[in-house]
Structures are given as structure tokens and as C-alpha cells.
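Naming follows writing order (A, B, C, D and E), and every chain is counted from residue 1.
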Amino acid sequence: MEAILFYLTATVAIISAVFVTQCRNPINSALNLITTFLCLAVFYIMLESPFMAAIQIMVYAGAIMVLIVFVIMLLNLGLAVKERYTHGIAGAGVLSALILFVANYFIRYGEATGTGGSVTSEVISSYGHTELIGRAMFVDFLLPFEIASILLLVAIVGAVILSKREV
Amino acid sequence: MFKEFAKGLSITLKHLLPGNCTTVQYPKQKLEMAPRFRGLHRLISTEHREKCVACYLCPTVCPAKCITVVAAENEAGEKYPEVFEIDMLRCIFCGYCVEACPMEAIEMTSAYEMANFSRDDFDFGKERLLKS
Amino acid sequence: MITVNHYLLLSAILFAIGTFGVLTRKNAIVIFMCIEVMLNSVNLTFIALSRHVGNMDGQIFVFFVMTVAAAEAAVGLALMIAFFRNKESIDTDDFNMLKW
Amino acid sequence: MTPEVLTLSETPWLFTGVMLVKIIVAFVATLLIVAYATYAERKIIGRMQSRMGPNMTGPKGLLQPIADGLKLFFKEDIIPSQAHWFAFILAPMMILAPAFISISVIPFGGDLQFTYDGTLYAVPMQITDLNIGVLFIVAMAGLGVYGIVLAGLASNSKYALLGGIRSTAQMISYELAVGLSIVAIFMLSETLSLRGIVAAQQQPLWGLESVSFIPNWYIFCQPLAFVLFVIGSMAEINRTPFDLPEAETELVSGFCTEYSAMKYALFFMAEYANMITVSAIASTLFLGGWGGPFYGWINFLIKVFAFMFFFIWIRATFPRLRYDQLMFLGWKIMLPLALVNIVITGIAILLW
Amino acid sequence: MAANTETMTINMGPQHPSTHGVLQLILELDGEIVVKATPHIGFLHRGIEKLSEHRTYHQIIPLTDRLDYLAPMSNNLGYVLAVEKLLGITDEIPERVQRIRVIMTELTRLKSHLVWLACHALDIGAMTVFLYCFRERECITDIYEKVSGARMTSNYFRVGGLADDLPDGLEGDIRAFAESIPEHIEEYEGLLTGNRIWQKRTIGVGEISAEAAIDIGITGPSLRASGVDWDLRRDNPYSGYEDYDFDVPVRTGCDTFDRYRVRLDEMLQSARIILQALDKLKPGPILADCPKVVLPPKQDVVNNIESLIHHFKIVTEGFKTEPGEIYQGVEAPKGELGFYLIADGSAYPFRMKIRPPSFVNLQGLPQMVEGKLLADVIAVIGTLDIVLGEIDR
């Protein structure tokens, strides 16, 4: 059951990711990217992280992609594509294949290790994923969290300045 | 601010109550037209002929030029309209023909439902005008 | 049985696709979207490994990645709009002056 | 004897069957309410405007929604030649799907108990109880915007484009205020599950036994959040006075200018489905869900219908806001108010 | 950073729900802000001015109904007053005729303003007001029908008098209607005036200063809302308006909201004038004693050979006037409606020039909307109260 769901979703995710890179029209790329994001949200649920899935949809699909689509709409890029590729298509293909190969090698012959924690499926189901995230974020990672919020503020100010009519 | 919003809402709510409906259920229920209503024309007839004597006042006065009259004489030597035709597509229902007629031979009825399927059906000849 | 290796392989594939897109496309917005694919594949790795080792730290990192992605989206798209205003294009070939 | 909870692992067939029944019941009920919401809207607005509304098709015009549906179904489906056909077809589906999906996490009644094979089972009257229910709804509301954006973009018409741009800006800005007003609710309830939120509202008001007949509905302790939520959700589902994306006197018909036949009908269904969703969420979060004097789901339906009547009533009464005023209201009034509300709620929770 | 921004040209009309007919506006938008607005007119041109040169003076009256089709009686009045002035029979018009003309034109003003309020409110999104206004307008069309026989194109006034006397019992109807006006206006105001959304949509929208309004030639309520106290009924009275006691509402806000208030006040004043005229209405003849101009009574035509000859002569040839030029302006609901007639001594006008208020008022539109938002264009079109039948003629 789980395996079927995994392979199905993975296939959709990979195909739509390929379409993101290959579509002539940026709008189609954006639509495919949304599909990829939704597939990833499904994976997060399968990994017992429902909160991350909700955030994935809210932030990526609900905010970032809307912004991108909005910009495509504003700039009316539907027909603005002149040429699709640079000359480096061969090099890019080789590079990507290399990445894939190396990663594949490590995954196959290596083993995922790390500092083992106490968060098991039982802990998640009894304690709640949202609560765990909240605890980790506001106790262990409070300073990085505040820094991230300042980063967002700076980004907003920068975006406003950049997109203003007259500077 | 909220008082005004509430006032507006109360006005619409008041109209929601039964008895505030002003609709006339048209095809089922028809309004009585006023006596002066300027609808479809009618030629008035006496016992054996139409009252019209083909004096050509109505085609002359018509601002839309929609009336065609051809005069003829009958056996008794009286003038009568051999052709009396109103093109209802041109007619603007101004009522001048009624006003101009010295014989009171034409009048306007309260018929206003004149929809039809072909343009020819809007040429009202003498027979149709006498019957209407 | 789906193990963590499946997720890692999937995210490697997505990362490679994203890299390919970034390197080959000319349209800045499409490049931007390919970068998002790469970031998301990393997110998937983080969450899969976090579940594998039973530690929440990985998931917190996903939050920061999302923050960075949001900031990047805001600034990047603003840059594109500003650039489009001047050049009527967002092709990377036209990004060839050092100053605007 | 405490009832058993159905699970997929122990009684797979019974679980699947019960789930299917729940989904079908909820879906059909929603569709019926959607159909008759159009009828009710036309009838109520008609009466408020001193006219009759539909009254020819069937007794009192009750078959009108069906006639409309048939008519739209058999109309010619036009796709403009210069339109982006894929997105053009996708848009109405993308706006309708999230609206219906949101229904799945809304509890419309308490537990239903039944005996099967000698065991007493309890079935919650809710398709599924996610422990991130509220977030799920917010996420789905975020997806709803794509339908309108794509419709505006794919139509390749300037009016549709303007409508799309307006609605994107509008939905993004009001989502924030709505989301933040909900935050205050789950600060009080300490759960994100909608079922948990409803359960938390069944106690007497503020734990006072002397007024035990008043339930602890969050509207009493969060009136500001309630007002913000209702206004914000009106804006998010594009109802008057915030119906700028389709403002027919300005943008002809906004994002659905180029749509016809069934696709157009889908937009309308989505509008009403959204209205139902929003009413259901508002009754769940602020008015105690299924709690009340009558039997579970009847209370819930009464509350939902009351909200829908309110939305219709507003539509009959108020003029439309302007784009900049809408943005002003969203960003400069509602967002700060929602933040202030959160701060006050936080302080209040700390103190008591 | 040099910002060169692309504007978007949008074609609003001639098929658009809120251009009040077949007005076409070419709008250049920067985002939602209007950079330039160019009205294109002429889609409803029927050549009424040219047609008039081939109609007798009498036959032109039904054409004037179709100028501003929301206020036909005002157009009739302007035209017959101009012809009467040309003929020099202005002083011979019986008193009853003048009273009835005033009653009917003030009812017309109410009718026109009701349609204006209905459409203006609908444009801004308050759709209920639309139906309420049309409910009241229906009473006026009923009165029209009883008086003249048509609900819109009345064709009721004649050179030298009226087509017919008021039917029995209609005075009571008119009185009852005029007395109910303040109550109805209170209802509209309850829905609109105090409403914050309505105020936000109208206050400060479509501003035009008094100087600019005078320069362009704007007249009527739009001028009075800019603080210019000018009303032809009071300042250049015709048809016995000097006998009535009424106020000319003037406001100084120059914006859409004040134009709305001015028109609502005008409706109250119209009701006042109607009631006064009904009080002063006495029995009397309804045609001037000018046998060369007015048609003789029907019973005389059959019985009296002299009347018959007059009847035939007037109907077939029309009546001739002295050569000359004449201008007559009246305060139509939308502003000053003027008829400029050049007569060459024949039975046809040599030239008839109409000064339609909507046409002149429309020229203020670009000035009022430039720099404002797209939604304000709709509000401004509504507030100018244009009728394309009159603009294109």
C-alpha cells in the first residue's frame, strides 16, 4: 500500500519536475512545479510530518508560487520565450548525470548515520508533530528563528525598494 | 459607522417581509393599459366598409413614413383605400395618424404584443388592421 | 517497504533535474523555479533523514530553507521586475551589463 | 461499554465502507446546498429588492437550479482561440477542488454509535479528523487562488487579466488576516484539530457554573477575531462588498469573462462551495460547531445557513469597495488588529 | 534607475455593462491607474438634426422624444418652446398648458434622476437601490401612459399647447406620488448616504473645480455640485417657472458624493414644484388660440368647413414661420438643453442645432478620471448622468 503510493507519487513528482525544466511556457512550468510541491507534501505526510506537509503547501504552493505566477502574469511572459537553451546543454547533462551518479553511489553503498534521537513514530503519535516542532523551534532553535525572521524583514524591505517605480 | 450599516441592512430586511413584492407576473397576469395607450393600429369599419376615405392625411403626417395608402373608387362612387398598409417595423407609435384623421377612421388599440418570426409578418394590411 | 534510501534517491533525482534546468534554461523565472525544485529536494532529504535518525533538528532546518526560499522569492522576483522594466526581457543573456 | 473506534488495520472493510458513506453523504449534501444556495440567494435578494426571484420552474421555482445546471451543461463550450487552453481548462477545476476538499475536515456532528458484529463502534461525523485541521484549511484556501489566477491569465483577455491580478492580491492579503485571526482561537483551544476546537467550546462560558446555559463559544471571548474572520473570509471568497475580481460593472465579469457553459458553472459552484466552507469553518471555530439545543448536525446546519443568509443579505445591501481601499483595509486595519488580538490573547492566557 | 513602464490600453465599451449605452472609452492604464481616457462617441448617431430639416415643425416633436430617452418631456418642452418663440406665440400659451407642462417636466426630472440613481448605485455595486428606484419610476411611467399613451416616448407637448388634457382623476395620482417622494428618498439615503463604503467610493472622486466646469460648459447638477449657483428655471424662467417657490440646491464639494446629494435634493424640490403647480392648476383651454398653428378640435373638423381646411393645411403643409434664428434653453434633468433653430420662412427648419447637456458634460470626463483608478471611471460615468441618445443625436 505504502509502496504503491510512494512509487506513484514519486513518478508524478519526477515527471512534473522534468516538465518544469522543459516547458516552453513559464506558466506550464509553474503549474508543474506546483504539482511537484504537492507530491512532496504527500511524502511529508508519509514520513509522519503532517505539519511540514501543511507548511509546504501553505508556503510553497500558497505563497511563493502565487508570487511567481503573479510575476509571470504581470510581465506577460506567455510568449516572451525566445530561445529555450544555452549552448551548455551537453555540459549540463553531464554535470547532472554526475550528480545523480555520485549520489546514487553514496546511497547504495553508504549508510545514513547521525546522532540518534528519541523521536519515534510512537512519540509523534502520542505527543503530536506540531508540538514537537514547536518545542524544537522555540526552545532549541530560538536564536536562528529570530534571525530568520529578521532575514525575512530585510527581504521584504529589499523587495519593496527594488520594485518601486522611482528610486 | 456601524449604525449606518445596520440601517441599510434593516431596510433590505424590511423588504424581505411578504407583501413587499411589486412584480407583475407578466405572461400570466397582464396590466390594464390606459385608455390613451398607443398600441397597434386599428381601422374602424362601418357595416359594409371601412370608415377610411383615403384622404392621404395619415401617410403625409407620418414622421416615419410607414403608411402606404392607395385610393380607389367603389361602385357607389365613394373613395376607399384599395391598399392600406402599415409597416410596423418602421412605425414609431407617435399617434399622429390618429390625430390627423378627419374621419376618425383609425385608432390605436392597447395591443402591444407584436413579436413575430419574419419581417413580412410586420406588414399590416387592411384586413389585419380592420380585425385588430 | 519504503526505506530512507528510496527518499534519498528520489531527492537526488529531483536535485539533478533541477540542476539541469538551472544550467540549460535562459528564462530567469524558469531558472528560479528550477532552484526551487533543488531546494525542495534538499528539504525532502532533511525530513527523510530526520525521521530516520529520530531527531527533529532536520525538520527545523527545513523551516529555515523555506524562510530562505521565501526571502529569495521576494528579492529575486523584485529584481526581475526591475530588470524587466529596463530591458523588456528577463532572458539571462540580456543580464550582461554590470550595472543598471 | 465504551465504543470502539474504527481503524483501517483492524476492520478494513467496515472502515472503508463507513468512510465511503461519510464522503458520499458529505459530498452530496454539499452539492445540494450549493445548488439550492444559488436558488436561495436569488430568491432572498429578489425579495429584498421587492421582486419575486425564480418562480416558474417547478413549484415556487424549486427546480430552477436543476434547469440552470442542465442549460449550462448543454451549452457550447467555448475556448478562445488565443487562450492558453491547458490552463484555461484547468482553472475551473483548480478553484473547485480545494473548496470541496476543505469540507473533509469539518466536523458536522458528534459521534454516531452503532453495533456491528456484536461490537459497539463510534463513528465521528466528520470525514477525517486531522490533527492539523485548521492548517489544512488555510493551506487549501491558499490553493484556491490558483483557479482565479489561471483563469485570468489563460483567458488572454485584458479584463480577465485585471480580474486575476486583483484577486491574487486580494486573496493573498486577506489570507494573512484570516489566518492570524484563527491563531487566537487555537491559542485558546491548544489544539489544531477542528474536533478538538469544537469539544473545547462545549464547556460553560469561562468555566462559570452560574451561567452554565451559555456555552463557551469562542465568539464570546474572541469577538474581534470573529469580526475579522467574517470580513476577511468574505473578501477571500470574493463576495460583495469585496467582489472586485468579478465586479461586473467594472471588469465585465472579471476573471470569468471568457468562460461559458459548464466551466462557467464550475466557477459559480466554487463560489458557493467556498461560501459553505467558510460558513462551516466560522460556525466550527466560533459558534461551537455542532453544539446547541438540537441534535448535532441540525445545529450545525442552522449555523451554516445563518451565515450564508448573512452573506446574501450583505450582498443585497452594500456597494462595492475600490481596489486600493480593499488593500488599505486588509493591510492597514485588519492585519494590525489581528496581531493586536493575538498579543492581547497571549497576555490574557499568561495572566489567567 | 530609469523606470520606463508599459501602459495597458483597454477598450471599455461600446459593449460594456456600465457605459450607459454605447459609449466607448479608450483607457490607458498604468496598473489600475488611468493615465488617459478618450471617449469615442457616435455609435448611436441617428442624424436627428439632419432629419429635422426634412420634417415639418410638427413632425419633429416625436424625434425629440428620442434624444434623451430618459427624459422625453423635457426635450419636448425645449423644442416646443423654441418653435413657439420663433412663431412669437409664447405669450398666448394658456395658463393651464403651462402648469401641466411644468408638472410633466418636473415628473420627467424625477424620472430621469431615479434612473440615474439606480444606475449609479448599481455601477458602484449597491444593486438593491436599482430595483427600488425603478419601482418608483414605474409610477411615473404609469402617469405618462395615462397622459400621453406611451410609457417612454411621450410625444405629449404640441406647438401651442398639449396633445390632450389630463385625464380625469390623474391629478390625485400625481399628488399622491409627489407626496410619497420624500419618504422614498429617505429609503435610498438609508441605503447609501451614511454608508461608509458609499462615501469612500464617492467622496473625492471625479473632482472638477467650478472654473474648469464653466470652461468646459458643464451644466445642470454637475455644475451646481461644483458650487456654481445657476439654474435656468430660476435665472431665465420659462413656462411660468417664476410662479413657483423652490430652492436650487448648491454644494461645493465638486465630487461625486456632492453631485449625488444635489440630485437627491433636486428630486425633493421637483416634488415641491409639482405640488405647487397642482394647487394652482385651474380648468381652461389646452391649446393656444392660433388657428394657423394648432389643429382645430376634432368635432369642428367634421362640422365646420373652415376648420376642415385648416386641418388639412396644417397636416399636409405644416405651418410656416417668419425667417429668423432663435435659441431656447431649458433646464433639462441633465443640464441646459438648448434648441437653436434657423427658419427660412418655409414649413421646415432650415437648420436645427441641439445643445445636449450630456454631450458637453461628457467632455469633463477625461479631466475627472485621469490619475484615478479604474473603478472611479465607472463612478464618474455614473455621476455625469450621460445618455448616449442625446450625445450622438
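Methods note: contacts are C-beta pairs under 8 Å (C-beta built on N, C-alpha and C of every residue); 3 or more make two chains touch, one makes a residue touch a chain.
Note that this is a predicted model, so its numbers are computed, not measured.
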item: Number of steps on the shortest touching-chain route linking subunit A and subunit B; value: 2
item: Two chains joined by the most C-beta pairs in contact, as defined above; value: A-C
item: Chain nearest the global centroid, as defined over all protein CA atoms shown; value: D
item: Most distant chain from subunit D by Cα centroid; value: B
item: Subunit B-subunit D separation of Cα centroids, rounded to whole Å; value: 53
item: Inter-centroid spacing, subunit E versus subunit D (mean Cα positions, whole Å); value: 47
item: Subunit C and subunit D: spacing of chain centres that average the CA atoms, whole Å; value: 33
item: Between subunit A and subunit D, centroid-to-centroid distance (C-alpha), Å; value: 28
item: Residues within subunit C bordering two or more other chains; value: 82
item: Residues of subunit A whose C-beta touches two or more other chains; value: 55, 63, 72, 74
item: Contacts with two or more other chains, residues of subunit E listed in rising order; value: 1, 3, 5, 128, 135, 191-192, 195
item: Residues on subunit A engaged by subunit C in the complex (per definition of touch); value: 2-3, 6, 10, 13-14, 17-18, 20-21, 23, 26, 29-30, 33, 36-37, 40, 43-44, 46-49, 52, 55-56, 59-60, 63-64, 67-68, 71-72, 74-75, 77, 80-86, 88-89, 91-93, 95-97, 99-100, 103-104, 107-108, 112-120, 132-133, 135-137, 140-141, 144-145, 148-149, 151-152, 154-156, 158-163
item: Interfacial residue positions of subunit C with respect to subunit A in the complex; value: 1-2, 4-10, 12-21, 23-27, 29-30, 32-34, 36-37, 40, 43-44, 47-57, 59-60, 62-64, 66-75, 77-82, 84, 89-93
item: Residue ranges of subunit E in contact with subunit B within the complex; value: 55, 58-63, 128, 135, 138, 142, 145-150, 153, 155, 163-164, 167, 187, 190-192, 194-196, 295, 298, 301-302, 308, 311-312, 315-316
item: Touching residues (chain side subunit D, partner subunit A) in the complex; value: 84, 86-87, 90, 130-132, 135-136, 138-143, 145-146, 149-150, 152-154, 156, 161, 164-165, 168-169, 172, 175, 192
item: Partner subunit D, residues of subunit B touching it in the complex; value: 5, 8-9, 11-13, 15-16, 20-23, 25
